[in-house]
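Next come the structures, one after another.
Here subunit A shows up in two complexes: once beside subunit B, once beside subunit C.
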Partner chain A sequence: MIEIFYTFPNTHAVIAGEQALLSAKIAVKVRPVPNAIRAGCGLCLAVSPENVDKAEQTLAEKNIEFSEAYQVENNTFTLIKKK
Partner chain B sequence: MIVIDCMGLLCPVPVIKTKKEIEKLPPEGGVIKVLVDNAIACENLGKMADKKGLKCDVVKVADKQYEVTVTVGEGQVTAEAQAPQATPAAMVRGEGLVVAISQDKMGKGSDDLGKILIKGFIFSLAQLEVPPKAVLFFNSGVNLALEGANTLDDLKSLQEKGTQIRVCGTCVDFFNVKDKVAVGEIANMYDIVEFMDGAQKVINI
Partner chain C sequence: MIYLDNAATTLPKPDEVVKAVCDALNSCGNPSRGSYDASLNGLRCLLRARMAVADLFNSDNPLNVAFTQNATAALNIAISSLKGHVIITAAEHNSVLRPVFRRGNYTVVSLDEKGRLDASDIEKAIKSDTEAVVMCHASNLTGNVFDIFAVGEICRKHNLKFMLDAAQTAGLIPIDVKKIFLSAVCFSGHKSLYGPQGTGGILLQNGFQPQPLVVGGSGSESFSPTHPSEMPDALEAGTQNAHGIAGLLAGINYVTSLEGKAFSEADKLARMFIQEVRGLDGVTLYGDIDAKLRTPVASLNIKDFDSGDVANFLYEHYSIAVRAGAHCAPLMHKTLGTQNRGAVRFSFSHFNTQNDVLTAVDGVKEILKKGILL
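On to the complex of A and B.
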């Protein structure tokens, strides 16, 4: 299963991000930042690839900036976006 | 026939009273009728009977009025007296970690922070090399196991890995959310305490 993990500059942004995505009915999961990444505040948000555009649009509309986006597959993390 | 009036009594009292009466029966067994006023008590009496290999019938006599008949056959009283207390499956499988979650957030301080931390915590539990033997939910912790909770997928994943999920029946009754429990089984305090007693270690959240 492929997931996209978003890291954030602080925990407030993770909380706001989750709420924004849930309000927009986008499936989102809260995940501890994997040791392989070790970036951001310790928690990140995971969405499925088909929801990426909608998720990023929703975050932008709410002025919530993510730090990095990783594609995650079988514990392999590929940095796909960095702000 | 022995009749135990448990109307108005919350779990686990009906189960405990029934167990005590079963232990008092003569070796040839007997029939015990338990009067209760809620469906959760019926379910828990049924589970207790199952564990002991006893026959259990439930009749809904009227709204909030149930008669649960437990039939104890010849020899079953003696067998029970000699055997250790009936144990949940997790204890039979061996000792291990039991996580008791009594709130829908992790830690004290900010509720917003606590609510997001608990999600990360539950996901992390599922990543353990050996998953917990059981995760027990009570008080506002039951919210994490209800329809629509953003923790359900991770709890189901834990369940698939063999973790037993138990949700406090008294609590879902109190919050009137019994119909919304979406993962695990409803348990009474007796089950919860048995899981804790059989655990190698218990983590309280």
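On to the complex of A and C.
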């Protein structure tokens, strides 16, 4: 299964992002940041690839900036976006 | 008890606040520290509370809200970040005065005999190294509300920061950061926002980024030797008071749901009290009691009785709880000429009734008639 992990500068931004995505009816999960990803805080958001465009648009509309986006598949983390 | 000390802290608290705190006690884990529901519930609660505060002051950025122990802590953060000359007014509470006195390089702008401020005096006090104006929105002693729009425009014109002590007004009188130029709004959670004691906060505006007074755990950047600079972590070291903030959130929701009635009903009671006692021979009321916009506060003295004796009499004979003595506003007492005896402050909330007012008036009248025997 492929997932997209979004990291943020702090946990408050993670939760703000979670609430924004849930309000937009986008499935999202808050989860710990894997060791393979260096992030500002210990939490990140996981989103399905098919929801990426809508998720990033929603975050932008709410002025919530993510730090990095990773594609995650079979324990491999590929940096796909960096703010 | 007839509680008329709402300017100190509101009592009672709404049932919603009590329930929110109780619920949070057994549902909120440590916010920012885990990815399990209990911890995330704490974090979600903090975010909802930030959003409620941001909405209250019409700010677009809830992450610019940091929670503090009280308004005093918020003001200390704001003031201790300043390096240049600071302008304050004689109306300030010690929560502003003492941090400003400790750092030095300040000017106190005087008030008239009723404690009113001429905003142009703020402009006249500006010096070449002036960095900020720090002042209260309303006097905790007289209830008079100051023209913060005018002061904000002076600050905007002269490129000064404007720190507002909103302890007496947040929840009562609207503060719109889109209309009023402000750098920081420092507020109390347990007064007219009806939250628990131990809650308050600071909302930052216009790029103001104060240095934290306290650094430590933040739930982020754990391997960095320095504390994060991003809000709100920058000003929130250590575990937050999520239980109290859950109550604060419920309090803000409660007061906003009343759509201004929390103020208008308390204002009506305060004006009724003032109307009943203002003509009584021997009663001295302080401040501009006829001002159109006031907080629901009335401070007075009766003949030459000690204000503490008056408060004690009212409590012992009428179960009326009021505040006497000095009110942590020494320069305002000097302005009003009450530095030696203080004043008796009656402060109302919408939970009070007309009967509460009439009972307080009866108490004042009995003191006038019979005096106080110790």
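Methods note: the second predicted complex is superposed on the first by the 83 of 83 C-alpha atoms of A that agree within 3 Å, B and C clash if a C-alpha of one lies under 4 Å from a C-alpha of the other, contacts with A are read in each partner's own complex, and residues count from 1 in each chain.
As a convention for this text, contacts are C-beta pairs under 8 Å (C-beta built on N, C-alpha and C of every residue); 3 or more make two chains touch, one makes a residue touch a chain.
Just so you know, these numbers come straight off a predicted model, no measurement behind them.
J.: Report the partner of subunit A that touches more of its residues: subunit B or subunit C.
T.: After superposition, C is the partner touching more of subunit A.
J.: Tell me the contact category for A:L22 with respect to subunit B and subunit C: first, second, both or neither.
T.: So A:L22 only meets subunit B here.
J.: Applying the touch criterion given at the start, work out whether A:N63 contacts subunit B, subunit C, both or neither, answering first, second, both or neither.
T.: second
J.: With the two complexes superposed on chain A, say which partner A:T78 touches: subunit B (first), subunit C (second), both, or neither.
T.: neither
J.: For A:P9, select first, second, both or neither according to whether it touches subunit B, subunit C, the two together, or no partner.
T.: So A:P9 only meets subunit C here.
J.: Touching subunit B in one complex and subunit C in the other: list those residues of subunit A.
T.: Touching subunit B in the first complex and subunit C in the second, residues 11, 14-15, 18, 30-32, 42-43 of subunit A appear in both lists.
J.: Across the complex, what residues on subunit C touch subunit A?
T.: Within the complex, subunit C touches subunit A at residues 31-33, 35, 40, 43-44, 46-47, 50, 60-63, 218-222, 228, 230, 232-233.
J.: Where on subunit B is subunit A touching in the complex?
T.: Subunit B residues touching subunit A: 112-113, 116-117, 119-120, 123-124, 150, 153-154.
J.: What residues on subunit A touch subunit B, complex-wise?
T.: By the definition above, subunit A touches subunit B via 11, 14-15, 18, 22, 28-32, 42-43.
J.: What does subunit A use to touch subunit C in their complex?
T.: Against subunit C, the touching part of subunit A is residues 9-16, 18-19, 30-32, 40-43, 63.
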